[in-house]
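Next come two complexes built around chain A: one with chain B, the other with chain C.
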Partner chain A sequence: MGFLSSIDISGSALTAQRLRMDVISENIANAETTMTDTGEPYRRKVCVMAPRQSFSSVLDGEMAKGVMVTDIIEDGSDFELEYDPDNPLANAEGYVLKPNVDEVEEIIDLMEATRSYEANVTALNATKNMAAKALSIGD
Partner chain B sequence: MLNNLFDKVNLLQKGLDASWKRNEVIMNNIANVDTPGFKSSSVGFEAEMKRALEEGEHGFSAKVTRPEHYQFASNLPDEIQPAVVTNTDTSYRQDGNNVDIDYESTQLAKNTLWYDTLIEKVSSEFRKLKTVING
Partner chain C sequence: MSINPIGNAFSGAQKAAQASEATENQSFSNILSEAIDYMEETEAESSAANEALLTGDSDDIHTALIASQKAELAVSYAVQIRNKLIEAYNDIMNMQV
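== the complex of A and B ==
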């Protein structure tokens, strides 16, 4: 039981939530990107979160210490079709493939990440106050 | 008298350790609020400690004739350790996560206050000693 290592628990969550916000921002920024290096429109990206636990700590039966983003995966759902015959990327029928990013969904995810971030800041401050209080014993 | 000078402080220290552990567990729960399949944990300590203290007063202990004989399970307050229990039997959301952020936040507030209370008790123990020493 480290004195200040428990602050890293909330710290890891702050890092993970911030990365999640970055990925969401990237999705929103690329909501209209119809062409990428792969020749396809932009694909929505999603963070995969998992408890932060090492192999040895699992064997020792210790509890996880925080959270981490293990992977950023691409959403495999279908691209949207938009009728835009003037676009140079339009197919024979005049349709253009658009990214599979739903702005409303992204904004809701962004709100969720922000709230989680705030909850972790609160937890971190509580721990900080407790540690400071422990140092005042005997005053 | 001097032998058990710090008995109370040692007991309070056990409570502080359990409270700190609980804080770690709550922080871990809050950190994993968005992790699919994560199950929340909680810490059990006070009830077990109370039982041990009461049994210490008018309970009984196993008679041992050899040092390698086992004593009854956690009979002594000194041997009580905070136990982390994972709540695997519920799911709040589609992804299998069962962290209730409202519950965790209230537990966090409660635990912080409890910790502060114990710290205050430890400090007051030391203040009493100081008064006695200084006369």
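== the complex of A and C ==
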């Protein structure tokens, strides 16, 4: 039924923000990882979000319903350098490559994701209250 | 005088009933049965979502809660339809003949 599909829009946003939280948590957890399988330090990951469209709705020309995370890409910026000549991973000049994760930026992204999650929960509750109120027509 | 077989009168009434059923396929009973079907569907979805959350298949708490809210709304909807149906029935039964 159509009136409950608008709840799905908020539901998709909640899922997307949860996934973004997971990515942010991984960035924060790996902020000091100097060596990964690829031989490089950990690279910061970023979520790419786009409006969600199912294939059948594209054929019908309907507008997008909700949001989805299309890709988790790696941030291409340079690694940080830390001067530590005694470290076994130090290069010729004595610098160790550290991940390009800025904890302050990650914490701010975390607050943004939390507020966005709360806003979507508010929207979902408002939609549900609207539907419940409509059922009391004629009482 | 010719006596028409009784089947003719009966088949005429049958055709009239079928025609009226085809035109009013949105009768109260159809709407109520659709509402009950939708209620069953959302309830099954809600059970599946809750089970997935509890067994660890799904990480999202909100999916299970949204499914239960939808089921609750579907139940309210079916109950309201039933109330209106019973009200209409009582109105007609209380008519003085």
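Just so it is clear, the second predicted complex is superposed on the first by the 135 of 139 C-alpha atoms of A that agree within 3 Å, B and C clash if a C-alpha of one lies under 4 Å from a C-alpha of the other, contacts with A are read in each partner's own complex, and residues count from 1 in each chain.
In this section, a residue touches a chain if its C-beta (ideal position, glycine included) is under 8 Å from a C-beta of that chain, and two chains touch if they have at least 3 such contacts.
The shown structure was predicted, so the numbers you read here are calculated from the model rather than taken from an experiment.
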Chain B and chain C placed together on chain A: clash or fit? fit
Original post:
Between chain B (first) and chain C (second), which does A:V69 come into contact with in this model arrangement: first, second, both, or neither?
Top reply: neither
Counting residues of chain A touched by each of chain B and chain C, the higher count belongs to B
| task | Using the touch definition from the top, say if A:R18 reaches chain B (first), chain C (second), both or neither. | result | second
Please work out whether A:V101 is in contact with chain B alone, chain C alone, both, or neither, and reply first, second, both or neither. neither
Thinking of the overlay built on chain A, is A:A132 touched by chain B (first), by chain C (second), by both, or by neither? second
Based on the superposed arrangement, let me know which partner A:A50 touches: chain B (first), chain C (second), both, or neither?
first
Message: Is A:A123 touching anything from chain B or chain C once the two structures are fitted on A? First, second, both or neither.
response: first
After superposition on A, vertex chain A (C-alpha centre) with arms to chain B and chain C, in degrees to the nearest 10, comes to 40
The superposition places the nearest Cα atoms of chain B and chain C at a distance, in Å, of 7
Chain A contact set shared between chain B and chain C covers 1, 10, 124, 138
Note: in the complex, chain B contacts chain A through residues 16-17, 20-21, 23-28, 30-36, 38, 41, 84, 101, 104-105, 108-109, 111-112, 115-116, 119, 122-123, 126
In the complex, the residues of chain C that touch chain A are 38, 42, 59-60, 62-63, 66, 69-70, 73-74, 76-77, 80, 84
Residue set of chain A touching chain C in the complex reads 1, 4, 7-8, 10-11, 14-15, 18, 121, 124, 128, 131-132, 135, 138
Interface with chain B, chain A side, in the complex: residues 1, 6, 9-10, 12-13, 16-17, 20, 49-51, 63-67, 112-113, 116, 119-120, 122-124, 126-127, 129-130, 133-134, 136-139
